[in-house]
Structures are given as C-alpha cells and as structure tokens.
Amino acid sequence: MKMMLPIIIFMISCLLFSFSSSLSGRDFCVADFNSPFGPAGYSCKNPQMVNVEDFSSSGILNAPIIDNLLKTGESTAFVDKIPGLNGQRVSLARVDVQPGGVVPLHSHSDATEVLAVLQGSMIAGFISSNNTVYVKSIGPGGVIVFPRGLLHFQVNSGINLSVGIAAYSSPQPNIQIVDDALFKSNLSTLLISASTFINPIEVKRLKLLFRGSG
Amino acid sequence: MKMMLPIIIFMISCLLFSFSSSLSGRDFCVADFNSPFGPAGYSCKNPQMVNVEDFSSSGILNAPIIDNLLKTGESTAFVDKIPGLNGQRVSLARVDVQPGGVVPLHSHSDATEVLAVLQGSMIAGFISSNNTVYVKSIGPGGVIVFPRGLLHFQVNSGINLSVGIAAYSSPQPNIQIVDDALFKSNLSTLLISASTFINPIEVKRLKLLFRGSG
Amino acid sequence: MKMMLPIIIFMISCLLFSFSSSLSGRDFCVADFNSPFGPAGYSCKNPQMVNVEDFSSSGILNAPIIDNLLKTGESTAFVDKIPGLNGQRVSLARVDVQPGGVVPLHSHSDATEVLAVLQGSMIAGFISSNNTVYVKSIGPGGVIVFPRGLLHFQVNSGINLSVGIAAYSSPQPNIQIVDDALFKSNLSTLLISASTFINPIEVKRLKLLFRGSG
Amino acid sequence: MKMMLPIIIFMISCLLFSFSSSLSGRDFCVADFNSPFGPAGYSCKNPQMVNVEDFSSSGILNAPIIDNLLKTGESTAFVDKIPGLNGQRVSLARVDVQPGGVVPLHSHSDATEVLAVLQGSMIAGFISSNNTVYVKSIGPGGVIVFPRGLLHFQVNSGINLSVGIAAYSSPQPNIQIVDDALFKSNLSTLLISASTFINPIEVKRLKLLFRGSG
Amino acid sequence: MKMMLPIIIFMISCLLFSFSSSLSGRDFCVADFNSPFGPAGYSCKNPQMVNVEDFSSSGILNAPIIDNLLKTGESTAFVDKIPGLNGQRVSLARVDVQPGGVVPLHSHSDATEVLAVLQGSMIAGFISSNNTVYVKSIGPGGVIVFPRGLLHFQVNSGINLSVGIAAYSSPQPNIQIVDDALFKSNLSTLLISASTFINPIEVKRLKLLFRGSG
Amino acid sequence: MKMMLPIIIFMISCLLFSFSSSLSGRDFCVADFNSPFGPAGYSCKNPQMVNVEDFSSSGILNAPIIDNLLKTGESTAFVDKIPGLNGQRVSLARVDVQPGGVVPLHSHSDATEVLAVLQGSMIAGFISSNNTVYVKSIGPGGVIVFPRGLLHFQVNSGINLSVGIAAYSSPQPNIQIVDDALFKSNLSTLLISASTFINPIEVKRLKLLFRGSG
C-alpha cells in the first residue's frame, strides 16, 4: 500500500512541473541536472524553484590550481556550475599561466574564444585551415580572438605570472588538446604514427609524458 | 583616357576579391567595414588581406572614461573595433563603477551577459517578465548572468571602485537604457506619461536631467 | 503482484513511445506538457496521439477581457494553448484597446512583433537603442513592425475601440512591461530610484498603483 | 573633369555608409533593395536613413483582388513591401476566400503558418509525411497551424465570404502551389505523368486550365 | 520489499545520468531512444555508455529492396539507425532506380538534398515556387542539388540500373510524396478534387493505385 | 561621352538586380562569386540568371588525383564549384585511399562528416575531447560519423583501393590538418615544441617532410 507513495509523489510532481511550465514564459531555461538533456542543452528547472543562486556564483573565478607539467591553471564559469547559463551561448573562464607555462595546442569545436589579458603578458596564436599563423604578444588590457574550431595556444615567455579572462560562445565549451587526444588516450602508436607521421619513438616518449596507453 | 583607371582598378579588385574568396575556406569572416552588411553581419574582408591585427587590440580594455552623472564607464571590445569578431557570437567589455555609481536599468535585445567582478563589489540584479527580482551582491571572483533581453542594473554601494568584465553572446550587443529611451529621446511627455504612468512633472524633470526634447 | 502493473504500463508506454518516435519523421513536434522541456521547447507528444485539435482552437482569438487600469485586453494563441506551435517560431494574438486605453511600454526579449490594425486606430511606437523614436498612427489594414527586444507601446487616442492582430516570431513570446518590472515587483524603492533616477516619492506612488512591494 | 563626380559621390557615400554602420548598434536591419542580398536577407539600409515608414504601411492588408479561377485573393505584408521585416522571422498576410473558393494545395518551404479566421469559415487541412490528414472547419476567432513545408489547403464551403489573417515564420514566405508547379510550368507531360502517375490526358486538360506549356 | 528494487535502480540510474552529463563536454549527443525527444532531437545517451557502434553501421547502405510499383528502392543512414547523428544536420541515403523506375514527385520540408550518381544515369529535376523547371540528366560522378522544401523527382529513362548517394541537411529528413499525401491517405475525393482541380474520376483511379481511402 | 557607358550599364544592372530580387521568393540563394560574401555565405545571383547548371555538375565526383605522400585524393562538390549550394548546410566529397594511404589527423571546425565506404575498406577513427578513441574498420556499405570539430583520420590497411563518399553539414567545410598546421606553416620550431612538447629535432624533421618554414 505505502509502496504506491513514491509513485504518487512522482506523478504529482510531474503534474506540478507541467502546470508551472505551461504558465511561465521563456525568459531563461535554468538547467535541471536531474532531467534528460538534449542537443540544445539541459531540461529547464521548474521556474518556481529558480532563484538568483542559479545565475551566480561567489569566487568562481578566483585563482586556479596550477598543473605541474603545463604550469597553467583554469577556473571556469560554465553551465555545469552556473545552471542559469543553460541554453545561453556564452560563458567565462580565468586562465593563469606561470613563467615558462603553456596552454598547449588545442581547439574548441563549438566555441569562439575572446581572451583578455589582465596581468602579465602571453604570446598567443592560432593557425587557420590554410596554414597561416596568427600570433601576437598580448599585454594587460589587450584582447585576442580565437575563431571557432581552429588550433590555438598561449605561452608565457615573461618572468611574471600572466592572468587572462576568456569568453566563449558556448555555455560549456569543450577543449580538445592535441597532445591529450594522441598521447593521453589509448590510440595505438601505430595509428598515431600513421595519421601524424610522428616518429614512433617520439610517440612513445610523449605517451610516457602524458600517461597514454595503447 | 586616364579616367578609366579608377574604374579598371575597381573591376580588377572585384575580380581578385571573388577569386580569392572562392578559393578560401570559412575559418572566419573578418569585417570589411567598406562593404555592405546584412542581417548576419558585415561582409568578409579578402582573406589575403587579413592579419593578426584584425583579431586583436592592445589596451582596448584599459580603464574607461567615467560618466559624470552615472559615475560609471565602459571599455568595449566589440566588432566595430575588432573586425575578427564579425559573425562570431561573443564579445567582451570592462565596466568600472565608482562608489555611488550606477549602470542604470537597461537591456540587450540580442545578448545574454555574464559579468565577472575583478575588484570591489557590485549589487547586480535583473527582473524576469513575471516581475520576479533576482538581485545579489557580487565580489571579486564572483559571476552573475543576465539572460538575454531582460532589464538589469548594477550599483556600487561600497566605498571602493568596482571593476568588472562582461562577456556578451553577440559581437556588438546593443544597449537600451530605459532612462535614455524615454528621457534622452524626443518622445513627447504626453506619450511617455501615457505609456508609463509616470507623472508628467517627473517626466519633465527627468528630461532635463537626461537632455531629452519633445 | 498487481502493484507491478503501473510500472509495467509505464515501461510499455516508454517502449511504444520510443518505437513510434524512431519510426516517424520530423514534420512537427507537438508539445507534451507532461514531459520535460528544454531550451528548444517542450518534448514532443507521441505522434500516434496527435490529432488536428493539437494544431487548432476554436474562438481562441475572440474578444478579450479588458483590464480596468489599462483599458486594454489581449487574447493569445500561444503554444501553451496550441501545442502544435511547439518548436515553431510563430504565434498570434489579438489586442483590443478601448478609447483612452494603452498597451504600456514593454519589450519581447525573444520575438519581433508585426501588428495589423483591423478596426479603429492606434498610435504605435518603438524606440531604438540609440534613442530614436519611431511612432505612427495606424488605421484599419495598416501594419507596423516592432523589432525584437526594443521598447514599444500603443495608445488609443481615438473615440472608438481599436482591434489589432499581432504576429510574433516566437511560439510563446514573453512580455516585459517596464511598469510591472519596477512597480509590481518587490524591487526596493532605493534600488529602483538608484537605477532609474525616478524620484522615490513617484516610485512609491507608482508602487501603490501597480501593487508592488519592497 | 565633371565625370569624376559620380565616382566621388559613390566613394563618399561608401565612406559615410561604413562610418555610420560601424557606429550604430544592431537593433534591426532594414532592407536596402539596391544592395546585394544573401542567404540571411537583404543588406541593411544606412540606419541614418531609416524612419518609421520602413517599419509600417497603411492599408497594406485591405481587401485583396480576387482570382477568377480560385475565387481567392491575398494581401501580403512581406519584406518586399515592409523593409523593416528584413532579417526578422515573421510576416503577415490576409486571405479572402469567396463561397466556392479555394486556396489550392501548396506548401511553404521556409515557413510555418498560423491562420486565424476573422469572418465566415474555412475548411482547412494539412497532410503529414506519413499521409495522415489533419482537417478542420475554422470559424471566427478560430486558429489553425500549418507546420513548415507540409502540403495544405483551404476551401470555403459556406455561403459567405471568409476572411483570414495568416502569420508566417519568414519575412517572405515562398508559396509552392502543386498545380502551378506541374501545370503552369513547362515541365513535359511525359515527366509529369511519370513522376505523378496522373493520366497524360488529365495532365493536358490541367495544363490548359493553368496555362502551362511543355 | 523487492518491489522497491526497480524504483531504486531507476533512481540510481537517474543520478548517474545527471552526474556523468554534468561532467562531460558537448562533443556530441548520441540519441537515447528511450528518453523524451524535443524540437532539437532526442535526449542524449549517457556519454559513459557511448561507443563507436553508436556512430557507425556495417552494410547500412547496401542495395535496397525495390518497390514493385515505383521500381525504386532506398537504403537510409538516418538517426533512427545511427544514434550518433542526433543533433547533427546531415545524413546519407542510397537510392537504386531500375530502368523505367521513378522517385515520384516529393519534397523534404527540413532538408536540402545533394544527389550524386554512382552508376547508370537519372533524369532529375526540381521546380521552384515561381514554377521554373530545373531538370538535367545526371551520369556517374555527376551531382545535383534539390533545395529545401521544393518539389523534385528522378526517373531512370535508361536501360541499366542507376544508383545514387544522397546527402541531406537533416539527421532524419522527412519525405512528403505528393501521390501518397493525396491518394494513399484518407483525404476525401471531394477535397482532393477541390484543392487540386484533378478530375474526381482520375482521383478515384489513383486512390485505387495507391490504396487510399476516403 | 562614351565613358559614361560602363557606369550606366552598372547602374541599370543594379536596378534590374534589385527589382528582380524584390519580386522573387526565397527558394534558394545561388552564389554570385562577383559580389561580397558575409558570415552566412555569398550574395545571391539574380534569380533570372539562374539555371540548372548552377545546381549541378557532371563528373565532379570522378576519381581524384592522388597525393604522393599521403597516397590519398579527394574530389569535392562544394559551393565553390556548385553555386546552388550557397546558404545550404550540406555538401559531398569523394575520397580515394590507396593501400598504405592515409587521411591524416584533421578536423572540420564547421561540419559534421558522415562517411560511407563504397569499395575496399578503411580503418576510421575520431577522438573525443575527453580523450576517448572511437575507431572502426568500415567496409562497403558501411558508414561512420565524425562529429563536428573533433580530430579524426582514416587509413587503408588493406591491399585494395578504398573509395568513400563523405557528406558534410556545410557547403564548404574547412579542413584543418594538424601536420599541415604545424609543419607546413611558418610557426617557429620553438613555439611548436613549446605548445606540443614534440622534440625540436622531430619538429625539424617533420618541417622538412611537409615543407614548412620558421
């Protein structure tokens, strides 16, 4: 008898959900992480349950943890942490690069990036699909655009920490790092070498460095 | 005879333009400010003429000039200054608000905004179309989202300068400030009062403050 | 034993749902108000359960109820009433404005509006983000466009009822009325006055009129 | 000497155009019919030259001229007449169907239609791609949706004029009438008959009726 | 007691689902056919459960079964068979047309088609909405584009089998065949004849051929 | 006197262009390669000047020229050769891979690819942004999807020529080959090595192979 209870609660909550949603407008669609998500993003939280905390976060862009190998760290304000970004085509991140540090060659398949340097300086560059290189040293107050899907990188060749803020045209930009794709994955040395022409010995050295298998 | 020269140059440049464009891919579409623009943005510059300066700008987000009335200033990195942002759905701005300063009630019809506070603090808020208020005090490292098209504002109720970086989901977000729309325009006091229920005397006072006519 | 029944029915209906959906094309996506909705709209009803009633409604655009303060009323044919509009970027409404009536200053963050006057006349206007006013008197058979996200209004300065039909580029346009956002909400008089420069005494008068708190 | 004049004027106007456009926001993009148009619509008119007439038109939805064969007429408020609709995804039309009249089987490849009946009644219907028929009689105040790209029709089986207003999710919906495509074109009787299985004799009769050739 | 088990499993799987999804990026959204789908497509499968089989299929474009009446067959690689196509705007099909065979007059409301002929030849054509006919004989290695939503057809007037590969700008293009819409459905002879001007006797003959009712 | 002639012709053609365009619908937008192009594609050719040749091409997907290093060749049916693809989100290519040949690691920033194998077999794979490898051997009639923007490759490990047809969700997909970006460009060995951790000696070897400078 009492076993029906959770089912009934579930059905009532379904009804409530549909009622509220059919009454509300479309100002925003705050992510409900417990519901299915689709090509356009997460399902929307019941607007009655939404509050300002869904749209904001304290200290989320404070100084990030620094990676030992890359001497770089990133704090992100993406939809997984700020559900109010769901369905919006924008997000922010902070990137700190120590002297000698690098944001290695990578691309964002679904986002253009605009990087502003707040402190220190970075050599930043991207490469177009006809193999033209666009590279520049960016200092405080300077800005550079990395068009969607193109390979790009940053290095700190200075002697001070450099700090940047990056805006993305996606609520959760994916990041495909070439080194990780090849040398942190389980892609076989044979296929890596065949598809990149990198010497198998060098491939194996890099697999050790990035902890890949295969 | 020599008069034909500019026409010939024009035609040749047209041909060159079309040739190069038909050969090149679609990595980006850098704005050509001397060509027509349409609903999707400016026409694309000949890719042969594009260089890294089209994607970057030095010092563009340095401290802005402060408005006397609002005690607020904004530096923008929008497509009108960074042609490489053309056709991309993202841009950046820096906003400085002095103690007692305000970014008055406004909306961006074509952009969601994500605001990160770098220094000081701001009380920031937006109102949904069912008249719910979402307001919060944001400090350094904190972030708030203003969903597209909704009225929002910021005030600095502290005693120090506050500085923020805003990302927009548009290469050139428009900004409709309610006060300016009503009191800086030439909309008649009669129509303002009829459509807002604000007392005509108050309307006239605000018109003086914002220098409107009508 | 029989308690398993609802669960089994649920599972069977899930299967049926997925089967039918994987077989059917994508002619339309009729809203299923009992399922989650996301940034692109409601989930789709099982196409087997769809009929012409999902796409139509009798008398939905008949004369609306008139608001006492505004002397205006609106009938809407939006997706909440016509589930076949789900995922489509269009809807209709009828607006009746009595002599002396007003559709107060408002914006639709996600929709452009095209208003046709069927009967009587309206003074209709919108304001662009550079504070230019576009205003015109529209009579029967006349049409005016209100671009997406811009503040606009209508008043009936005539002596007869005016009736209009509005098309929107959204299945459920939201409506942000400036007066309601400020004076029907719980935004504090302090913040309203700070962010709009309207005299606090006037703010309080308008809060009384629109029944706001705060 | 004076021959340089038109060229100089052209160049100056180019400069003015680019200046004004780089300064203005993106509230709207009013069609400039004398400039190139692309996949997203017409080029934008210089915002300095835009006025309220670009967004409105008097009497544009007055009673249309009636076609003899179909006993139907249509007045349209599309972007070709209202340049302010450029780049917006919405437009309006009025359709008058006399008793015995018909809006023959057709589709709009780029627009969903919402039809409201103002006067009289219409039998309206559409067919989905799995050959299900959705048909209904619509009276005053009633509404029906025709999903994008699907074949649909209206007939007036009553004894009074019926009048409807249609909203489209396109600024210039195209209209492909099956009869016209087959019998008003120069498609050969052989190919028509092969691709539709309609008897060649019937094809020829219909070609006479619709004045096709081939 | 054990009856709670399926519910608990359900809840745990919900949690797992939400956790993994909030951690993963947005490289793709593989269709989960057991979850709701919306205007943008199916819900996404838990990325942890995705493997290469979701993106591929062996022999899916092998020779299709041939329809007796049309002497034509089609193999499809659409999202219903390849879940990795979900949310992507592309798919493939193979079409075999025997001598004397026909792909009858039809349209795809949501997809442009590019057809490449691999073997044999086809007379292929489409008709624009101003009733212009674009028709051509395509041989091996040749290509023709059918713009979205326009009526088109193919016939094999040769003596050999013709084979083509078609790409669509949709993961699951719908196909509206005019003959099927009219003569395989239950639309009444009266309404067919009224909306197409085809002789009722011919309508009835075609209904017999295509097995329609009504 | 006669010098005015080209100017007059130019003006008349402008007028004709605008007239015809304002009269015509929006069935398609055939590329005019002599006009500006923007973020959404090329400007549209005057519809009066369009014919079936704009939508088709004979033999365009015949066997391609084979590259010596890669033992691979590609024939493309992209918008630069088929102007009717302008503004459509689809195109086709044929790829031939000889035994031992490779389509090296690359990505398409603006297109998802669906590859069908017609003849022989290919080992095809892609890597997601969390470094999971999806790899499979595809034979005749088999299909694999490469999601937009992700790194992917194909190798022919068999003893026969393999032939595939690829559909793209773009009219002109760009192709960023990692090797070319790094080793065919003028990116300095220092920056390559810093941003990829590849040994400078190996970088220099690969620069020789791919003919890069810098």
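We call the chains A, B, C, D, E and F, going by the order they appear; numbering starts again at 1 in every chain.
The criterion applied here is as follows: contacts are C-beta pairs under 8 Å (C-beta built on N, C-alpha and C of every residue); 3 or more make two chains touch, one makes a residue touch a chain.
Remember, predicted model here, so these are calculated numbers, not experimental data.
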Quickly list, by label, the chains bordering both subunit B and subunit F. A, D
Which chain's mean C-alpha position is the greatest distance from subunit C's? F
Sharing over half of the contact pairs with C-D by residue number is what counts; pick that pair out of A-B, A-F or B-F. A-B
If I rank D-E and A-E by number of C-beta contact pairs, which comes first? D-E
Between subunit C and subunit F, what is the separation of their C-alpha centroids in Å? 43
Counting in whole Å, what is the centre-to-centre distance of subunit E and subunit F, each centre being its mean C-alpha position? 25
Cα-centroid distance, subunit D relative to subunit F, in whole angstrom: 35
Contacts with two or more other chains, residues of subunit A listed in rising order: 3, 7, 25, 27, 35-40, 42, 109-110, 125, 128-129, 135, 147-150, 174-175
Specify the contact topology among the chains shown, as one of line, ring, star, complete or other. other
Kindly provide every pair of chains that touch. A-B, A-C, A-E, A-F, B-C, B-D, B-F, C-D, C-E, D-E, D-F, E-F
Given the complex, residues on subunit E that touch subunit C span 3, 6-7, 33-34, 36-40, 42, 80, 109-110, 170, 172-175
Per the touch rule, the subunit F residues reaching subunit A in their complex are 102-105, 107-110, 123, 125, 127-129, 131-133, 135, 147-151, 153, 155, 174-176, 178-182, 184-187, 191, 194-199, 202, 205-206, 209-210, 214
Give every residue of subunit B touching subunit A within the complex, in rising order. 24-25, 27-28, 47, 51-52, 55-62, 75, 77, 82, 84-85, 88-92, 94, 111-114, 116, 118, 125-126, 128-130, 134-136, 138-150, 165, 167-169
Touch list for subunit A against partner subunit C, complex: 3-4, 7, 14-15, 17-18, 21-23, 25-27, 29, 32, 35-44, 86-87
